[in-house]
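In the two complexes that follow, chain A is the common piece, with chain B as its partner first and chain C second.
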Partner chain A sequence: MDLALIPNGVQRCSLKTFTSWAVLWIVLIVWGLVSAFLVFWKGLNQTNMNHYFAFGLWIVFDLSLIALGAGAFFTGFLTHIIGGIFLYPFRDNLRAVVNAAVVIGFICYSAAIAMLGVDIGQPIRGWFIFWHANVHSMLTEVSFCITAYLGVLTIEYLPLILSNRKLKQVPEFNIFGNTLHHIVALFAAVGTFLSFFHQGSLGGMFGVLFGRPFAFREGFFIWPWTFFLFIHSSIAAGPAFTLLCIWVAQKATGKQLVTRDTFTLLAKISGWLLATYMIAKIADTIGWAYGVVPRAGLSFMDFFQAPYGVWLIIAEIGIFGIIPAIILITPKYRERENLLVIGALMNVIGIVLNRFIVTIQTLAIPVMPFDRFMTYFPTWQEWGIAFGSIGYGILIFSLSYRYLPMFPQEPELNPVEVLGTVVTDSGAIKRS
Partner chain B sequence: MKSKDNATGTRYGMVVDLDKCIGCGVCVVACSSENNVSVLYDESDKTRNISWLKIYRITNGKGFPETEAVYLPRPCMQCDNPPCVPVCPATATRQDPNTGTVSQIYTRCIGCRYCMAACPYHARDFNWYDPSFPNGMDRYLSPEVSPRMRGVVEKCTFCHHRLMRAKAKAYAEGRRDIAQDEYIPACVEACPTKAITFGDLNNPKHEVSALIKSPYSFRLLERLGTEPKVYYLSTKDWVRRMADNYLEGEFIDRP
Partner chain C sequence: MFPFVFEWSWQLDWGRIVFMGLLYMVLGAISLGMLYAFVMTWLKLTGRDKLYERLWLRFPFTLW
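Right after this comes the complex of A and B.
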């Protein structure tokens, strides 16, 4: 039924199989929509957040999604800005993943913004951030930059959408898509600029909280160290997440979508960035433990109480930081596919754990000596919105894969043969 | 305008004598009724109920017969260096440069709760529910204070409407200055043991300016640099020690 929409030179599963796959994720989206409706109707009492946990699961998800979506700007930066000169031998590898990175970025940012819309107590007043903007607030910078960057991502996504076989037949779309494609470097540059600041500001949001010694950091000029750590960690996790998504897509479709050396390149980039991030993170932790902490009259272990014990920081830095960094920077490890994937997955988990610790641990710790250490567990509505965003992401990625030429290497790596002849216009050929 | 070092100009502040506080809670009730604080269906949920002024019961942690307990009323600290103000993305909270008081613009607040994350004193409350005033309580609402809607943050304002009232009276009488007893928040007025004193910390005619110089005065979490304008008095060393975090050997008892 949808064969005319399938890109040239590739094969896709039947619409029936695809629909069954999509239904899985639509169920999650419906769960998310029901939860969002309840929150809009009844208020944030539908969550388990309270005066102590002013932020909860959604902020952890937001921070994580934005960090993982950094693959979009960073791959764009590598491909379009410095790829032509410094990474010339790897240009084809980067071009093979840049579309997927843009789609993943679009998904992450749109989901994060939607989630923020549910998370604020007065969603109708969301525009007040722009109208009554407080230039001193890191959250203002985050809001401006992620909104603008979602626009940039949409512009970067558009040429891919317009290269759908049917849409391409409309001359205006074709010309518009091509024009956007030719100036994509400009948007990659704008995206890099915006991303640099909002990734940083998300870290800065917590680093400036001088009333919360767990989060507070000194820094450079107006930017606390967490500003730079968040940028660094996001560009370490972004390519790893892109790698993981493509690997999962390969497993789900049973096809090779990019060459093996593309995975190696992403792992190498991600690994070295993670390794350098780990050095910076350890230095920051030591600096904090010997600076901010004693100045506040506290000791390191005061911040780690059950269930948020010291195991969290060991897991973040040791298990999900140093180990994946070693795996990904060591050629003989990253050449083994299972280790490569484990390394990328651990990298991603480590960064998500970091965002969890920065958000939840900061709020859980009592600052007043006579206050209580609090714990928090989300309600089904909070999980619903979180899982709904995952369902939305997988659905958009699947639709993009099915109907758009997302992976330029795919036709070459998976030649379609009809009666012994390779055909390039095989969109109408149903996969057996 | 107050100067940058807060040495001049009006800086309203409060001194709570913990040796006098009996933890009766009248200040809390007075505050809530004065400021149209709404009531939860389940007021026992202390992690979500609205209470601009909260009383903490703190003990010395020793067993009988050495057990001692004090009650510590905690309004907004009205910090000179408020951590909550610069973080608000929509400029919905501000510090009045003429009084030093931190206020909240309810109709501008978007409910992001970043200010709550910033405040180490938990002095800010979020309206998780639609405000409710059961059993005819709505008939007792004060026309001077706007009730808050669901989804916004609210906080102690040092009964700012009372300052407006005092200013209007002074203006009508052709005066510029307001005497100490002309403007006091509801909690101060209601306290049966006169444990709370209120006034301009920079004005030598106001009692608070002398009280804060007492060797027994202290503030909560002073080391963080928030510069609270709410001071406490206690002759008990362990109480003063509980007001902040100290490393081993850092806190020195008063002689």
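Right after this comes the complex of A and C.
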């Protein structure tokens, strides 16, 4: 039924199979929509957030999605800005994944903004942050940058959408898509600028909390060290997440979508960035333990109490930081596919864990003598919004893969043969 | 965000100048990029090929 929409030179599963796959994710989206409806109707009392935990699961998810979506700006930066000069031999490998990175980035940022729309409780007043901007607030900078960057990602996504086989037949769409693609370096540069500042400001937002010694950091000029650590960690995790998504897509479709060299390149980039981030993170933790902590009149262990014990820092830095960095930077390990995927997955888990610790543990630690060490567990409505965004992401990625030429190397790597002849118009071939 | 909003200040506050300056620079770059794409599409569709060729950006976008 939808054969005419499928890109040339590739094969896709039947519409029936695809619909069954999509239903699974639509169920998650419905769960998210029901939860959002309840929050809008009854208010934020549908969540377990309170005066201690003003930030909860949604902010953990937001920060994680934004960090993992950094693959879009970083791959765009490497491909379109410095790719032609400094990374010339690898430019083709980067071009093979840049479409997928843009789609992943679009999904992450749109889901994060939708989630924030629910999180602010009164989305009807969401525009206040733009209209009545507090220019000295890191949160204002984040709001401006992620909104503008979602616009940039939409513009970067448009040429891919307009290259759909049917849409391309409309001359207006075809020329417009080509022109946008021609100037994509401009949008990649703007995206890099915006991402640099909002990734940083998300970290800076916690680093300036001088009343919360767990998060507070000194830094450079107006930026606390967390500003730079957040940028560094996001560009380390972004390519790993892109790698992971493409690998999962390969396993789900049973096709090779990019060459092995491309995976190796992404793993190498991610690994070296993670390794340097780990050095910076360990230095920051030591500096914090011997600087901020004693000055606050506290000891290191005051910050690690059940259930947010010292195991969290061991897991974040040791297990999901140093180990994946070693795996990804060591050629003999990253050449083995199992280890490569495990390394990328551990890298992603480490960044999510970091965002969890920065958000939840910071708020769990008492700041007044009469306060207790608090714990927080989300309600089903909070989980609903989070899982809804995962369902939305997988559905958009699946639709993009099915109907758009997302992987330029796919037709070459998976030639479609009919009676022993390679065909380039396979979308019109009816498959059993 | 805009001069007609009551919080807007014309005082020489560097934080405000840098923040708003960068914001409007970014919004300007995005708007100009989109405007260029729309104008070039319109030129091509209406058969103004000569002007289209003249306005087609060659540097730095196609150099790489």
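Operating definition for what follows: the second predicted complex is superposed on the first by the 429 of 432 C-alpha atoms of A that agree within 3 Å, B and C clash if a C-alpha of one lies under 4 Å from a C-alpha of the other, contacts with A are read in each partner's own complex, and residues count from 1 in each chain.
The working rule: a residue touches a chain if its C-beta (ideal position, glycine included) is under 8 Å from a C-beta of that chain, and two chains touch if they have at least 3 such contacts.
Just so it is clear, the structure is predicted and the values come from calculations on it, not from any experiment.
In the superposed pair of complexes, A:182 makes contact with chain C only, with no contact to chain B.
If you count the residues of chain A touched by chain B and by chain C, you find the higher number for B. By the document's definition of touching, of the two partners only chain C reaches A:85; chain B does not.
Looking at the shared chain after the overlay, A:19 reaches neither chain B nor chain C.
By the document's definition of touching, neither partner reaches A:330: not chain B, not chain C.
Of the two partner chains placed by the overlay, neither chain B nor chain C lies in contact with A:169. Contacts of A:132 after superposition: both chain B and chain C are touched. Of the two partner chains placed around the shared chain by superposition, neither chain B nor chain C is touched by A:375. Once the two complexes are overlaid on chain A, the chain A residues touched by chain B in the first and by chain C in the second are 131-133, 136. For chain A in complex with chain C, the residues that touch the partner chain are 80, 83-85, 130-133, 135-136, 141, 144, 148, 151-152, 155, 171-172, 175-176, 179-180, 182-183, 185-187, 189-190, 193-194.
Chain contact summary for the complex, chain B toward chain A: residues 47-48, 56, 58, 72, 83, 86-92, 108-114, 116-122, 124-130, 149-153, 220-221, 223-226, 242-247, 250. Residues of chain C that touch chain A in their complex: 1-2, 5, 7, 13, 15-16, 19-20, 23, 26-27, 29-30, 33-34, 36-38, 40-41, 44-45, 56-57, 60-64. Note for the complex: chain A touches chain B at residues 43-45, 49-52, 54-55, 119-122, 125-126, 128-129, 131-134, 136-140, 143, 205, 208-213, 294-299, 302, 362-363, 367-371, 374.
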